[in-house]
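What follows is subunit A paired twice: with subunit B in the first complex and subunit C in the second.
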Partner chain A sequence: MADLTYEDLVSILVEKFAVQPELIRPGITFGDLEIDSLFLVELLLVVEREVQAAIPDDAISAQDTLERAVDIVREQVTAAGTR
Partner chain B sequence: MTRSAVLAGIGSFLPSRRVTNEHLTARLDTSDEWIRTRTGIRQRYFAEPGTTTSDLAAEAGARAMKSAGLAEVDAVVLATTTPDRPCPATAPTVAAKLGLVGCPAFDVQAVCTGFVYALATACGLLAAGGADTVLVIGAEMFSTILNPADRTTSVIFGDGAGAMVVRAARAADGGAIGPFDLGSDGTGADLITVRAGGAEQRRGRSAPTAGDEYFSMAGREVFRQAVEHMAASARAVLSRAGWQAGDIDWLACHQANLRILVRLADVLGIPEARVLANIAAVGNTSAASIPLVLDQAHQAGRFQAGDRLLLSAFGGGLTWGSTVLTWPDLTRP
Partner chain C sequence: MSAPGVQPDIAVTGIGLVTSAGIGVQASWEGVCAGVSTARRDPNLAGLPVDISCTVPGFDPVRHVGRRSRLVHDRFVQLAVTAAREAVADAGLDPHTWDGARVGVVIGCGVGGTATSEAQLRSSLRDGPRAVSALLIPMMVPNMVAGHLGIELRATGPNLVTATACASGATAIGTAMQLLTDASCDVVVAGGAEAAVTPLIVTGFAQMGALSANTGDPAAASRPFDAGRDGFVIAEGSGILILERAADARARQARVRATIAGFGASADAYHMTTPDPDGKGARQALLAALARAGVGPDEVDHVNAHGTSTPLNDAAEGRMLRAVLGDRAAVTSTKGVVGHALGAAGAIEAAFTVLALQTGTIPPTANLQALDPGIDLDVVAKEPRHWPIEVAVSNSFGFGGQNAVLVLTRA
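After this line comes the complex of A and B, so read on.
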């Protein structure tokens, strides 16, 4: 298992989801980046490969900020590690 | 001597009415950009009134038989989610339209995995000695089951048909098909479904809810399951074949959604340039998608004899399946 940093999330959003870098900041929500629930599932599949841990589809919603998403992933990785 | 199955001919057919995203956005609350960014689809084809699934199937089948240089086959297996009627099966009608009265013909229903299931069934018929040549068709008219008010499914699916002729041969012959990996999970039956029209609803305790006669799909859950099951199934079949992902010249998977194809290729470690995709031009044609994308690539001259292909599909059931094949020396029309 590995960690996901804010910078990792930003590079995934830019490289795989064609999000414009100038829009990205820690406090912006996925919804504001026009990342809807279907894109979030895809994003989670990419993140799961990065961190080598399973993350439920409902763990992150379009209302969550990028900062919050990094925390959620960290919690999931920690939980997976202690299971 | 063990009989194995080889690809002997391929063909496909699309109905004439081309429907662009703009045609659909006029009546649905969506946009061309919304459809393209989420699905990769720009247009699809819908059959004209008066056309049936058996018409599309027979045309694709005739083209595959011509490609194989055959005027008849020993059996017809049709994969479809949209049969001409709930009863009987559509394959005998297709066979009759091809002048094949008397030959065994039956349908296989595994929704978008249907073609891989039908191909496995055909290979089984060859191996058992029940036939020397089998016409395997995937044909769909999803335009007949789409809910016009559901913008998520209405923009994804299209009509079409694709077919292969497979024949019994020595294992060393070019065009060898298999091994296969097939699977299902009926606990996910509600994720991709037409709820009404079957025994469950006809003998159910309550009247059907409006919209139950139409196709519905839980997009988010299906996205994840499609990637995970196709990846696991593809790995299983590669392992059985003794191939590595790096050996694959072409990944030909069910054209569900361009983003699913890209994600699957990434998970399997297959470069995007090796992924066959025609979803932008034809949409998701369910059981027809794999033979359709293969035939279009063949006609475009993309394959060389000996190319190694990995086929993988996922669909309602839930069902999934994969196989490998070595492209034969087929002449182009």
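After this line comes the complex of A and C, so read on.
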């Protein structure tokens, strides 16, 4: 298992989801980046492969900010490690 | 030309094309009139028994469609969006101001997002089910091409995809005519889209013996009606037509490129892939289309044939055309230049037929050097023919014995 840093998330958003880099900041929500629920499912599949831990499909919503998402992933990875 | 008060004529007010001859109507038409095949060796097919195709040169989804296109669109949708934007602009229409509820979308597609399916199957076999994209299904289902065009064009009227194999594009145009005739729509975005030049699909067609095996000389492989033909060359592309009732088009002072006067459809009910050798089903569709148009067989000036370059199709189609139309019409197959784009072919060829009517120019059949002695038709070869055309026919026949014939007339 590995951690997901904010920078990792940014590079996934830019490279795999064609988000414009100039829009990205820690406090912006996925919804504001036009990442809807279907894209979020796809994003979590990509993140799962990065961190090599299962993350529930509903762990992150479009209203969450990027920094909150990084925290949620960290919590999930930690929880998976202690199970 | 239809009897007044019976069924309205349908005007073509815009066209859009993305073909192996180029992106856009002008590049496609110039390419097809030059009469030189666009078939090439295809690096994506390396190592396969047939490794040649007609693909769209220089197509960039980000530039031609949008930043996020690669994430959400299979290539068949990307080609359709590009052609549809050109067609709507060509018609002088604006999706921001039209009444979207009165705009329908009918697109023919024979295969769908097979490139996406094949890539996802490889991922899942390699890395397991969690490697499968959540976007697999919305990217690969064939109806999504009409769905995406509805979103793109704010068109909320009837929205569907027709699947009659290689006749799909012509079936879509015929279906669109009906939606206009019965006043379900005021405008229909009609056409076809296909991007199935993938290792699996090409191998499947090769295993059937449908493809030309002349891989040593790709540019000579597609040779409709030629004595030396041995199969088709697979292609990708999209053709989109904007259709309106002719009276409506006149009322908004639109430029009418041509009129779709007739459509006929039929089934061979003979064999799943072999055409009826007597062309009975094709003849029935042609006669129905002529009857709907109110024109006689002896009035047809030009035929854009299905002309796939397979031995069986061209022989059966050639006999059928000679029997129904005689030898007066100047026949061409534009598949010599742009190959066979399957579900998009009928729409691409309808657009070429519109341009032939409008310009009085019939593109030559590429690679036609020695006409098959069994085909007694005036097939245009080598050079474009400048020829006044009032009435033209565009034939499309699909595996499954599904036939769709359009009759177009000069505006």
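One rule holds in what follows: the second predicted complex is superposed on the first by the 83 of 83 C-alpha atoms of A that agree within 3 Å, B and C clash if a C-alpha of one lies under 4 Å from a C-alpha of the other, contacts with A are read in each partner's own complex, and residues count from 1 in each chain.
One rule holds for everything that comes next: contacts are C-beta pairs under 8 Å (C-beta built on N, C-alpha and C of every residue); 3 or more make two chains touch, one makes a residue touch a chain.
Everything quoted here is computed from the prediction, not taken from an experiment.
Visitor: Superposed on subunit A, are subunit B and subunit C clashing or fitting side by side?
Guide: Result for subunit B and subunit C: clash.
Visitor: In the superposed arrangement, does A:L38 touch subunit B (first), subunit C (second), both or neither?
Guide: Once the two structures are laid over each other on A, A:L38 reaches both partners.
Visitor: Name the contact category of A:Q20: first (subunit B only), second (subunit C only), both, or neither.
Guide: After superposition on chain A, A:Q20 lies in contact with subunit C alone.
Visitor: With subunit B in view, single out which of the stretches 205-213, 295-303 or 403-411 of subunit C clashes with it after superposition.
Guide: 205-213
Visitor: Identify the residues of subunit A that lie in both the subunit B contact region and the subunit C contact region.
Guide: 38-39, 41-42, 45, 49
Visitor: Which of the residues in subunit C end up touching subunit A in this complex?
Guide: 62, 67-68, 70-71, 127, 130-131, 133-135, 138
Visitor: If we count contacts the way the header does, which residues on subunit A are in touch with subunit C in the complex?
Guide: These residues of subunit A touch subunit C: 16-18, 20, 34, 38-39, 41-42, 45, 48-49.
Visitor: Which residues of subunit B touch subunit A in the complex?
Guide: The contact residues of subunit B facing subunit A are 38, 219-221, 223-224, 227, 259, 263, 266-267.
Visitor: Quick check: in the complex, which residue numbers of subunit A touch subunit B?
Guide: Listed in rising order, the residues are 36-42, 44-46, 49, 57.
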